[in-house]
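Below are two complexes that have chain A in common, paired first with chain B and then with chain C.
Presenting the complex of A and B:
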């Protein structure tokens, strides 16, 4: 799976969990907070994305990430670990 | 059948309350948004003559109208707000309640898990048979530190809960030996001094969800329940009640992926009724699961005897535990006679300037060798809510010796 595909999964879950956000308008260099996500929404986006990608990352590793791109990098790390 | 669990249950939410909307307005935040995000209507607030010792004793005293002191053989008090690093508050509580001298007592600590650690200890003591027919008194007592003008200010509060644990669980029988447990060494929220309550909110929320998933998986290994069918209600630990929605969404989606609206409907039906008390006191800390039971049992349509409840306890640091139990035959009657809603409603409503003054004064007392509480702050509260009530109060601290008495 490519990083672009991972970003698409994250974007789709942002759209499903936040009000009034369209996938095309999401810029991966920004934080989900900029699209109106509160802490609980972010947890849900991360949880549903991990489930879809079939990876399990201790969430405490995710708390310090700054934007969607960094989240995708972290996901790629675990996807490549198999 | 050898049932073990809670025979009697009470909570103590203090004598004052701060309205969440008033606090939001004072902090220039949208009051509706703040209430909807955190699901807190008001937080409990203590005068300077209350602390975790008085709260614990004040939660337990009404239970002693129903249980003889000589029938109690163990007292365990869970707290993350002890007033001493060596002497446990259980010793102060033991004397305040005038329990017999041969009642073993000690304090448990694990952030918000301390109350359930205390409960588990009592359950196992009764289950071992070494209780020689006696009952345990389990108390959880916690209160927030001061966080004026900080992000955490909207999720503060405090509560004490007291439960009699024994072989005749008229209120709540715990499913025997089935505990899903998960642990991890993490700094999410912690109290590195008697003054500080610090941490990282996001780390804490993420760790909570890891703990919930891990504990739920471990529970399922021991008990193959149908999550949607077998639990009439779910009580999740609530650092703030709004957290319970996310917790429920997490477990629901683990069982079967579903839409947010479906989770919301199920949340309204099976989770929200258990948040009633937390919505009135704010953070319930170690007393969270007890507050959930009281919310259900003291509500308009309490669950009937035999209803199965799923519970999740969490302590920062971190540990999570998923467990379950069934409502007892006398549950609604026994909780109802504690008149909990009436007492919560009778708390004095405090405005924001008075709240700030009280919090600053309390903070100035922390670790001070000599204290005389100001019994006029706020005016008339002591006269109207304490004098003659028999509640325990802190009378003074002299050269670090704490003196308590019944008001």
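Presenting the complex of A and C:
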């Protein structure tokens, strides 16, 4: 799986979990917060995406990530470990 | 201005006969710490003495309540303590006055149960609500297994309890969850207070009589729930996986 595909998964889950956000308008260099996500929204987006990608990442490793791109990198790391 | 001391719960009674209880433990985000539970139950006792016509419960703008705290859950795994938060649901369901919950912020686990024990529930479109117990490996408590299906409908309640996902208020509204209102966050308090004032307009004795009658089903269901939930807790809190999940999930 490519990083672009991983970003698509994340984007789709952002759209499903937030009001009034379109996938095309999401810039991966930004944080989900900029699209109106609160802490529990982010947990849902991340956990749904991880389930879809069939990976499990400890929360402590996710806490320090700053934007969607970094989240995708972290996902890739675990997908490649798979 | 001097920084205000962190008081977990405040309350006052207004001229209309509406008591307002505000959960404002910013330091712990209204988690059920020992001091929070003591303050909450203490405030309820004081409020009962004042015989308000109605009680309005609100939380912080972003968090209504997150339910049990990590220490309590780990102590439960060790079998060290009795479950104190159960008393919250019992006291709320047995309250002589109607309760209106203005749930502006997130409410998960036991935090959601405060709303379920109320007579009127107003949720925010933007906030999230969930019965997340099973994410931590243990079965739902505080009466959730009976009160949630009763309030939200059996299928959505099952999805919430078995899946452990939190739902945005807006999504619950789309699914037709029959609470009193699911409105933009900024309108939650006003909407809830308006309902409280409508209730407070009636004679207190009549309100108390009707409340007692209307709450009889919930009181019965809570007794049934406790029996099953206690048994399930004895099993699920003793599982090593539960302890592991609690330690991981509450990673700050």
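Assume the second predicted complex is superposed on the first by the 82 of 82 C-alpha atoms of A that agree within 3 Å, B and C clash if a C-alpha of one lies under 4 Å from a C-alpha of the other, contacts with A are read in each partner's own complex, and residues count from 1 in each chain.
Here is the rule we go by: a contact is a pair of C-beta atoms (placed from the backbone, for glycine too) under 8 Å apart; a residue touches a chain by one contact, two chains touch by 3 or more.
Just so it is clear, the structure is predicted and the values come from calculations on it, not from any experiment.
**Q** If we overlay the two complexes on their shared chain A, which of chain B and chain C does A:40 touch? Say first, second, both or neither.
**A** both
**Q** Should A:79 be classified as contacting the first partner (chain B), the second (chain C), both, or neither?
**A** neither
**Q** Which partner does A:21 reach: the first (chain B), the second (chain C), both, or neither?
**A** In the superposition, A:21 touches no partner, neither chain B nor chain C.
**Q** Quick check on the superposed pair: does A:60 touch chain B, chain C, both, or neither? Answer first, second, both or neither.
**A** both
**Q** May I ask you to decide whether A:51 touches chain B, chain C, both, or neither, giving the answer as first, second, both or neither?
**A** First partner only, chain B.
**Q** Which partner, chain B or chain C, touches the larger number of chain A residues?
**A** Answer, by number of touched residues of chain A: B.
**Q** Output the chain A positions appearing in both contact lists, the one against chain B and the one against chain C.
**A** Correct list for chain A: 17, 38, 40, 43-44, 58-60, 63.
**Q** Across the complex, what residues on chain A touch chain C?
**A** Residues 17, 19, 36, 38, 40-41, 43-44, 58-60, 63.
**Q** Which of the residues in chain A come into contact with chain B in the complex?
**A** 16-17, 38-40, 42-44, 46-48, 51, 58-60, 62-63
**Q** Show me the residue ranges of chain B that touch chain A in the complex, using the header's touch definition.
**A** Those in contact with chain A are residues 37, 184, 186, 188, 200-203, 205-207, 209-210, 242-243, 245-246, 249-250, 253, 257, 260.
**Q** Which of the residues in chain C end up touching chain A in this complex?
**A** 62, 106, 108, 125-128, 130, 165-166, 168, 170, 248-249, 251
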